[in-house]
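Heads up, the next two complexes both have subunit A, just with different partners, subunit B and then subunit C.
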Partner chain A sequence: MRYALSKAAWYFMAFLAAVVLNYFLPRLIPGNPVDTIVARMAQGGGSEGEARQQMYQTFLREFGLDRPPLEQFLNYLGNLLQGDLGTSFGNYPAKVADLIAASLPWTVALQLPAILLGWILGNWLGVLAAYRGGWVDRWAFLGFLTLSNIPYYCLAILLLYAFSVALPLFPSFGGYAPGTTPHLSLDFILNVLHHYTLPFLSLVLVLIGGQAVGMRSMAIYELSADYVHYLRSLGVSDRRIVWSIFRNAMLPQVTGLALAIGSLVGGALLTEVVFSYPGIGSLLFTAIRQNDYPLIQGITLLVTVAVLAANFIIDLTYGLIDPRIRSAQVGER
Partner chain B sequence: METLLSVKNLCAAYVQGGQRVRVVDGVSLELRRGEVLGIAGESGCGKSTLAQVLALLARPPLWVEQGEFWLDGTIYHLAQEHRLSRELRGCKVAMLPQGALNALNPTARIREIALEVIRAHQPKTTPQEAYARTQERLERLGLPVRVLEAYPHQLSGGMRQRVVTVISTLLNPKVLIADEPTSALDVSSQKAVVKLLRELLEQRVIEGVIFIAHDLPLLRNVADRIAIMYAGKVVELGPSREMVEASRHPYTKALVEAVLVPEPYIRQRRVEGIEGTPPDLRAPPPGCRFAPRCRYAWARCRELEPPPFGDKERFAACWLLEGMSA
Partner chain C sequence: MNSLLAQLLSKGRFRVSVAVLLLVVAFAVLGPMLDTRNPLFAVGGRYDPPSANAILGTDVIGNDVFLQLMHGLGTSLKIGLIAGLVATAIGVFIGTLAGFLGGVVDELLMGFTNVVITIPTIVILILLSVALESRTLVSLALIIGVTSWPWTARAVRAQTASLRVREHVDIARLSGASVFSIILWEILPYMFSYIFMAFVLQLASAILSEAALSLLGLGPDNTISLGKMLQLAIQGEAIRTGAYWAFLPPTLLLTAISFSLLLLQSSLDEVFNPRLRRA
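Right, the complex of A and B next:
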C-alpha cells in the first residue's frame, strides 16, 4: 500500500510537469493563431483594413490572448480543474473535448487490434524461431530485423504505393468512402474495413518484427537456463518446456505491451497522415499547422495521461506476474 | 551384490568446427543395487560429461561414439544413432544437478514443478493427485510440506537442494546421477543432502546412486566405492576406505594429499598440490596420461598406456603396479 501511494505521488509530480510543458511548448511555435484565422477569413470576403483590425482584436479578446501570459496560464489551469479543455481556435467554436471524442474511436479501432495482434504473433514467432534454431532462426531473424527497422511510415508509404497506386486494390486515403456519412450498415462496415486494411497492415508488420526480435533473444537466453536442462533431464517434453520458456520470457514483453497501449492514443501520427485517416494523429497534425493551442494542449494532455496511467498500472501489476519482483516489493525472503 | 547398472567401453566426444575432443574415453563401470558409487577427479577430467551421458542427456555438440548401457536387465545402445526415448529420463535414470536455484523454474511454485515432472510421464495425473503424491513423499522424508507452495527463491540453499532431490526422485528412478549436488552448500546442508540420499536408498525409492564430486573426504563418507577419473579414463577403483587410506595410483595419492584436512598429523605436513594441469584432450599424451605430471614416471610410462592392474573390484592403471598384484 505504501508502495502504491509513493508511486502515485511520483506520477502526480510527473503529471504536473507535463501540464506545464504542454501549455508552454505549443506557444513557442512561431506564428499567431489569430493571424492564420483572420488571413483565412479575409481571403473569403475581401474586408478592408479597418474591419480586419477589428476582427483581429475581437478574436484576440475572445481567445484571451490579450491578457498577460501568467493570467492565461492560470485561466487554463482553472478550466482544466473543471474538466474544460477549452475551445478550438482553428475549428471555432467547436469544443476541444468534442473534437477529440470524434477522432479517438478511429485511432483506438485502428491501433488496439494492430498492437494486440502484432504483439501476440510477434512473441509467438520469436519463441518459435529461438526454439527451432538453425537456418529457420537465421532467416526468420533476418526478416524480423528488417521489419522492425523499417520506419512504420516508410512501410506505410510502400504499402500505399504497392497496393493502392501500382495495384489499385485498396483506397488510398480516408477512413471511409468520401461522401458517405458514418452509419451502421453492412455496406458501410465493409467500406470501413476496406479502408482499414492498409494502415492496419503497416502497423502490424512493424510490430511483429519488433516484438519477435525482443522475444527471440529473451527466449534464447531462457533456453540455456539451467531449469530447462533440468526439466529435460527429467523427461519433460519439449512442448511443455517451450511453454515454460514462453511464460518466463514473456514478462519483460508485458511492459512493452502496456506501454504500446498507453501511447496508442497519441495515434500513429504519420500512419494517419499518410493514409489521411480520421484519427487523433491527423487531428494533432492539423492543430499544429493552425497553431491551435487549446487543441494541441488537449491532445498532448490526453497522451500524457494515458502514458502515465499505463506506466502506473505496469508498476502496480508487474509484481502479480513475476513472483520474484513481488517478494522484493513486500520484502519477504 | 547384484548389478543394477553397467556401462561398457563408453566413449563420448565434443565435436565442434571439425574438431573432435574425446572427453570420456573407454569408461566401464558397474553400479550395484543399493550402492553409492563415487566418481572423483579434478575439474576438466570428464566427470560431468560422464554424468550427462549416463543420465541419457547427451546432445550435440556432445556425441556418444560408442558404449553399451545395461540397466536392470535391458541393454541400451548409447551411440547417437540409437535414439533413446524421452520416457527413460526421470523414470529409469534421473539427474540431480548442482546449483539448485537455477535448476528450478524461478516463476513456478514447487508444486507446479512437481506436477510438470509427474505429468511428463503420466499425462493424466490431476494436480490434486500430483500434490498428494509429492506431499506424501516429503512427509516420508521428513521435509516440511509448506515448501510446495513456495517459489524457489523463497527457500534456503540447503532446502532447495533437498527439494530438487525429492523432485528428481518423484518417479522412483532406478538410478540417480548426482553431479556435485553438494558443492555449493555449507557443511551442515551437505550432510542433510547426503542423509536424504541414504534415506531414499533405504526406502527403496531409488536403487543406486552415482555420486560425482571433487571432494574426496566427502566422497569417502558418502560412497561405498570410489572411481577416480583422469583425462577421460578411470585410473583407479576400489572400496572408499581403501581408496583414501591405501591408494595405489600416484594420481589418487596426489589427490588425497592435496586435500586440506585440519587434523594434527596432516597439519604438520606440507600440503602437496599437484603440479601442472590435466592434459589437453585435443592431443592427449601417448602412454599414461598422468605421466607428464607424475613424479614417479619413467620411460615406459611415456610410451605405453598402462592396463588396469588388479581385479574388477580393486584396480589401478599404473605401470608401478605391474607384477605387484597377483
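Right, the complex of A and C next:
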C-alpha cells in the first residue's frame, strides 16, 4: 500500500509538471496571447468584424486573462477536470475535446493491432533466431537490426513510394476513398482495409525488429541456463524448448508491450502525417500549421496522460508480481 | 587500450559503421567547401529530374537537391552534435552527483529525473518549440538537448554508485579532495567508454528528433536540414508525384546515419561489455 501511494505521488507530480508545462505554453508568447492569436488567425483571412469580436471574447474568457495569474491557473485546472480542453482556433467554434474524440479511434485502430502483432511476431522470431543459431541467426539478426534502426517515418516513406507510387498496389493517402462517407458495407470495409495496409505494415515491421532484437539477446542469455540443457538432454522437442525459453525471457518484454501501448497515441504521429491518414498525428500536424494552441495542448496532454497511466500500471503490477522491487523502493537504501 | 582497438577493428560492424560515418561527415564538411552556391536559391523549376545542371534534380521550389543535401546534412549533424553534447553533459552531471553523494541529494535528483522521464520527450519538444519565437539551429539543438538527458543520468548514476566504493576513491576522499575533483579524476575516467556510448546514442536520437520535429512543421527557420527536406518533399507531394530524387536522398541518408550510429554503439557495447558476447 505504501508502495502504491509513493508511486502514485510521483506520477501525480509528473502529471502536474506536464499540466504546468501545458499551461504556460501559450503564455510564453510575448504580449497578450489572445491578441497575437486572433491577429495570426485573421491573417489567414476568413473571420471579419463581428465574428472576430466574438472569437476574441471566447478566448479571452477561456484564458481568463482579465483575472490574476493564480486564478487563471486554477481556472485552467478546473476546466481540465471537467474534461473541457477549450475551443479550437483553427476550427472555431469546434471544441478541442470533440476534435480529439473524432480522431482518436483512427489512431487506436491503426496502432493497437500493429503493436500487438508486431510484439507477438517479433518476440517469437527473436527466440527462434537465438535458438537456431548459426547463419540463420546471423542473417535474421541483421534483418531485425536493420528494421529496428530505420526511423519509422523513413520506412513509412519508402513503403509509400514503393507500393503506392512505383508499384501502385495501394492508395497513397487517406483512411478511405475520398468522396465516400463512412458507412457499414462490405465495400466500405474493404476500402478501409486497403487504405490501412501500408501504414499498418510500416508500424508492424519496425516493431518486429525492435522486439526481436531485445528478445534474441534475452534468449541467448537463457540458452546457457541449466533448464535448457536439461530439456535438451531429455530429448524434448524443439518447439517446447523454444516455448519455455520464450516464457522465461518474457517479463521485460511484457513491460515493453505495456510501454508501447502507453505511447500508442504519441508513438507514431508521423506515420499518419506521411500517409495522410486520419488520426491524432494528422490532427496535430494541422494544429501546428494553424498555430492552434488549444488543440496542440489538448493533444500533448492526451499523449502525456496515456504514457503516465501505462507507466503507473506497469509499476503497480511489477510491485505485485515481484515483491523484491516493492521492498527495494520503499525500504532503506 | 591497443588491444581494445584491435578488437574493435576486427569487428565488421564497427568497420562498416565507422566507414559510413566518415563518408557522411566528409560529405557534409567538404561538400559546401567545394561548392559554395547558396542552397536556398532556386536553380530550376518544380521537380526537375536529375540532370547535368543539378545532379539530384530540384525540389518543389526549384532548389538544387544535391546542394540542399550537403547543407541539410551539415545542419542535422550540428544539431545532433550540440544536442548530444548538452544531453550527455547534463546527464553526466546529474548522474555522477546523485550517484556519488547518495542520500537526500540522490533521492531528489533521481526523483526529478524520473518525473522528466515519464513525460514523453516528444511532448516537451513540441511544447517548447511551439513556444519559441524563432527557431534557430542552436535553439532547436538546445531544446532537444535539455529534454533528452534523463536516460543518460539514470545510467550514469548506477555506474557512479558502483564506482564510488572503490579504494582509490576512498583514498582521494581521505586525502581531502573536493567532491568535484573526485568525480572528475577518480570517477569519470573509469566510465569514459560508457559515457562515449551514451553520447553516440544521444547523437543518433537528436538527429532523429530534429527530423521528427521538422516533419511536424517545427523545424529550424531559414535554413535547411534533412528533416526540413523531408517535410518540404512530403508537403510538396514529391512522393505521390514520383519525384523520388527529392525525398529518397534525405530518407536514405537519415536511415544510414541512424543505422551506423546504432551499429557503432552496439559494436562498442559488445567490446566493453563482454557479457553480451555469445559463448
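In this text, the second predicted complex is superposed on the first by the 252 of 333 C-alpha atoms of A that agree within 3 Å, B and C clash if a C-alpha of one lies under 4 Å from a C-alpha of the other, contacts with A are read in each partner's own complex, and residues count from 1 in each chain.
We take it that a residue touches a chain if its C-beta (ideal position, glycine included) is under 8 Å from a C-beta of that chain, and two chains touch if they have at least 3 such contacts.
If you're wondering where the values come from, they're calculated on a predicted model, not measured in any experiment.
Applying the stated contact rule after C-alpha superposition, one finds that A:289 touches subunit C and leaves subunit B untouched. In the superposition on chain A, A:172 makes contact with subunit C only, while subunit B stays out of contact range. In the superposed model, A:237 lies in contact with subunit B only, and not with subunit C. When both complexes are overlaid on chain A, the residue A:217 reaches subunit C alone and has no touch with subunit B.
Look at A:274: by the touch rule set out above, it reaches subunit C but stays clear of subunit B. When both complexes are overlaid on chain A, the residue A:247 reaches subunit B alone and has no touch with subunit C. Which of subunit B and subunit C touches more residues of subunit A is settled by the count: it is C.
When both complexes are overlaid on chain A, the residue A:226 reaches subunit B alone and has no touch with subunit C. Residue overlap on subunit A between its contacts with subunit B in one complex and with subunit C in the other: 333.
Of all residues in subunit C, those touching subunit A in their complex are 102, 111, 114-116, 118-120, 122-124, 126-127, 130-131, 133, 208, 211-212, 215-218, 230, 234, 239-240, 242, 244, 247-248, 251-252, 254-255, 258-259, 262-263, 266, 276, 278-279. On the side of subunit A, the complex with subunit B involves touching residues 225-227, 229-237, 240, 244, 247-248, 251, 322-324, 327, 332-333. Contact residues of subunit A toward subunit C in the complex are 10-11, 13-14, 17-18, 21-22, 24-26, 28-30, 145-146, 149-151, 153-154, 157-158, 160-161, 164-166, 172-173, 217, 220, 224, 263, 266, 269-270, 273-274, 284-285, 288-289, 293, 296-297, 300, 303-304, 307-308, 311, 333.
Residues 55, 57, 86-91, 94-95, 97, 99, 102-108, 116-117, 119-121, 151, 153-154, 164, 167-168, 171 of subunit B touch subunit A in their complex.
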